[in-house]
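Order as written gives the chain letters A, B, C and D; numbering starts at 1 within each chain.
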Amino acid sequence: MDFTPDEMMTIAAARALKNDDVCFVGIGAPSAACNVARLTHAPDITLIYESGTLGTAPEVLPLSIGDGELCETALTTVSVPEMFRYWLQGGRISIGFLGAAQLDRFGNINTTVIGDYDKPKVRLPGGGGAPEIASSCREIFITMKQSVRGLVRQIDFFTSFGHGAGGEARRRLGLTTGGPTLLVTDLAVWRPDPESKEFTVRSLHPGVSRDMVRDSCGWPVRFADAVEETPTPTPLELETLRDLHARTRAAHNGQRREAK
Amino acid sequence: MDFTPDEMMTIAAARALKNDDVCFVGIGAPSAACNVARLTHAPDITLIYESGTLGTAPEVLPLSIGDGELCETALTTVSVPEMFRYWLQGGRISIGFLGAAQLDRFGNINTTVIGDYDKPKVRLPGGGGAPEIASSCREIFITMKQSVRGLVRQIDFFTSFGHGAGGEARRRLGLTTGGPTLLVTDLAVWRPDPESKEFTVRSLHPGVSRDMVRDSCGWPVRFADAVEETPTPTPLELETLRDLHARTRAAHNGQRREAK
Amino acid sequence: MARILTLKDAVGELIRDGDTVAFEGFTHLIPMAAAHETIRQRRKDLTLIRMTPDIIYDQMIGMGMARKLIFSFAGNPGVGLLRRLRDTVENGWPNRPEIEEHSHAAMANAYEAGAAGLPCAVFRGYLGADLRKVNANIRSVTCPFSGEELAAVPAIRPDVAVIHAQKANRRGDVLVEGIVGVQKEVVLAAKRALVTVEEVVGDFDDLHPNLCVLPHWTIDAVCPVPGGAHPSYAYGYYKRDNAAYLEWDRISADRDSFLAWMKANVLEAGPEVFAERVGTLRNG
Amino acid sequence: MARILTLKDAVGELIRDGDTVAFEGFTHLIPMAAAHETIRQRRKDLTLIRMTPDIIYDQMIGMGMARKLIFSFAGNPGVGLLRRLRDTVENGWPNRPEIEEHSHAAMANAYEAGAAGLPCAVFRGYLGADLRKVNANIRSVTCPFSGEELAAVPAIRPDVAVIHAQKANRRGDVLVEGIVGVQKEVVLAAKRALVTVEEVVGDFDDLHPNLCVLPHWTIDAVCPVPGGAHPSYAYGYYKRDNAAYLEWDRISADRDSFLAWMKANVLEAGPEVFAERVGTLRNG
């Protein structure tokens, strides 16, 4: 079966989620990946959206993080203060799933401004839940398409802290959580180096060359000693993802897919 | 109609409550007075019990502050942290109604220990909600039977703060609420002096002499310039109170009345 | 004590020039009709507090009503950026309101602290985040037991809270169901509270005991405005108008098309148009 | 992840000598059957945390299981004082546990802070109260905005939380209804959680979306024990046994009658007796 880089990205991200994960699906994050995981190998995964919906199982992808279906299919829906205090800050979330406008090689994320904060070239939406998702979840998964404007040497604003300048930066800040442990792009799967915490390519998606990764990344790319090939999407994975998107399009009358 | 000193006390306390009051019925407090008010001149009064029940209207008096009927007749029931944070500390309560084991003339209350805290003669239940009821409600009403062991010169332990040593003591502590503004005993109605904040007899219940008040009070009693006679309970007030007690006894199989 | 008023009278009485106002509703129950009435009544110099400014504040900002913005996520949910907000921040059109930016966690805690009558909220947040550098209202306190440094932000205590809810009863008690967001907190944190509702019913006798109910004595005005959350949604009543969010991206892209739309759909309209707007979105 | 276990196995596995434990339930849903199982298994050196020690801790205290007590109101509700607690404090029988006494507001906030993963709770409290003088865990922090001095107490983070609830589903999600007290907070604040329930049902599909539900991944063991809150009550199942509270005053008045009662009704009984005890109290 043929597949697109987008599909590969979503499926590779989905594979990293486990059946017993409690996953906080934050702003800009691909809830597609979380829901594909739920509909394939991780049927018992707990999905949480910051709108207060705990343990949702939407039939179609939500357009906002507070769509009605998230509440209708949730185990329970709590207030937003409770969500941030008891569930996120309380340390109950295993995986926080974030996207980024700008990302650096240590997993620091900018979704606030391009340019200077006081005189921005582009005013982006801002952090939303991300600053505390990044610090409170046991691990952070990041997923985004590669581009030299997105994967940059230096982000313009630290919306949420990844590994800072690398190494023991998190521990020095008093953070006890793991921070970014996975980056899935449309070209590759990256993991932080155990020492430096710099993202390192672990596997290339089928048909992707090292140069393709280098050319769409603003920092000098490090490759692991043994770079593998990301396993091709299985027919079940692809069908699940495509059915989900088809149901979503039908439900939302062909409107744009889930973003925020 | 004949009546007992207890009945007079409850009815005099009930009269002080207004239709638009939001009343926190705390530990040891006479919820009888609050419910008589609700069943006579103040049908819209809001009664709140610290168990989280907001706007209750029990048919019979509860035996504990968390009886099932309080929840069944409430507008809504919230968690105990919410009760203390949003409703009490949030400044939403107009009247806090407290009882006392020991009371001094400035409305300071002890329900913690008789004797030394570390080697008490009698270990009483402790403060429960009272310390913050006393500081957060706009006004505090106190009701208790008079005795020289109860109305004392010096309480053994400041469980909750009334007017301290009197005068501007509350303001000096940073308290912006009114503190005790009413004491109703089985013999008299007392109000704090506007300056010294010392409880002063404003009215004597029918048939009560000044000496009767003096003999059952551990501090030198001050009387207002014009001491009135507390109006006799009306037939409606008495019937309402007696019906309430009769319903309560029937419901609780003749068990002891509400105390907590 | 809640009175049941027309939206026009309630806004006229409760929202004043220069007020600090919070129109809340987290993706759900966004009080759009009340915002439109506020725009029609030409309120100005407002401090606009809201976790997610969304279309509702994009419109008020574009109409020049904001003196200051306090927010934590300024996107058009499911679509992209907020173009009027961008124009005010990037280009100063039509004015340049002061910005106080937070994270969701900070604002949720600040509403909670406001409802709880506290001067500040204390939480674990902003670790390594640059917002600390650009927002003087992000400070810290030290735990007197563990020594841990925790973040502190001022409690939110608006002059006026505005929310939309499913229903009120005749006494003015209000029921909020589904994604309850910070609806309870903003009402309890505010000096005055205005609530638009889908309907007013006789009583609430059949409710489960643990639902989110705001007693009538926490609210100043209840205004029945069916559809008043459009284009967001009201759980149990009607669905989100996703097309309207997409359309907003087009309308708001240009100052003239924005102003023309506001004239036709807000300034020359009234609260009654909301019932029509949700007509085809009502639950089956 | 919750497993559905017998009470004997759950207590055996989750509650250990020396643990800090919190058996919670505010006048309602008091986990008495779980306490009796803990007494039968002879746990010792426990730090017993509970806002209202009530009969449940009076029994554990009288059996000498407490090394420390943390509480805010030690009465026999509707009756008077707790006689075993008095005997331990006034006379040191059977031992003299350390006492850490708070107000309700402090403990409610401390549970909230525990659930919220914070090291301490910050609130406005203890103004002018003598507990500050006898409890070194009452400290203060200064609001960095207003300068107000606020009270601070350590968050409660028990080793084990024990609650009773109405029902669980097969996955181990737990529903608490009525007076919910601090049930959610104590479970989320604890390292391990044991929940006794009136019944286990198939699923929760028909619940209102905003009820108090604890997901299965916050709980270690769910134990069906019908009547397990006796002599307190379970909203929707059975009423409070007011006579038992009065009777306790008599039983606990004397050390010998206390010990005899504990032998006959706890040590030589099992969880199954609770169903019988609520037989005549069940809702019609």
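The rule we apply is simple: contacts are C-beta pairs under 8 Å (C-beta built on N, C-alpha and C of every residue); 3 or more make two chains touch, one makes a residue touch a chain.
What you are looking at is a predicted structure, and each value in this text was computed from that prediction instead of being measured.
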| item | value |
| --- | --- |
| Neighbouring chains shared between chain B and chain C, ordered by label | D |
| Pair of chains joined by more contacts [C-beta pairs], A-D or A-C | A-C |
| Chain of greatest Cα-centre distance to chain B | A |
| Chain centre separation (chain A, chain D; CA means) in Å | 40 |
| Chain centre separation (chain A, chain C; CA means) in Å | 28 |
| Intercentroid distance (Cα basis), chain B paired with chain A, Å | 57 |
| Of all residues in chain D, the ones touching two or more other chains | 112, 116-118, 123-124, 148, 178, 180, 184-185, 209-212, 235 |
| Chain B: positions in contact with at least two other chains | 71, 77-78, 85, 89, 136 |
| Overall pattern in which the protein chains touch one another (line/ring/star/complete/other) | other |
| Pairs of chains, among all present, that meet the touch criterion | A-C, A-D, B-C, B-D, C-D |
| Interfacial residue positions of chain C with respect to chain B in the complex | 1, 112, 115-118, 173, 184-185, 188, 204, 207, 209-213, 215, 217-218 |
| Of all residues in chain C, those that touch chain A in their complex | 26-28, 51-52, 71-82, 85-86, 89-90, 101, 103-105, 108-109, 111-112, 123-131, 134, 148-149, 178-182, 184-185, 212, 233, 235, 239-240, 242-243, 245-246 |
| Chain A residues within the chain D interface of the complex | 20, 22, 46, 54-55, 71-72, 74-78, 85-86, 89-92, 136 |
| Of chain B, residues touching chain D in the complex | 27, 50-53, 63-68, 70-71, 77-81, 83-85, 88-89, 112, 117-118, 120-132, 135-136, 157-161, 164, 169-170, 173-175, 252-253, 255-256, 258-260 |
| Residue ranges of chain D in contact with chain C within the complex | 116-120, 122-124, 137, 139-146, 148, 150, 152, 154, 177-178, 180, 208-212, 235 |
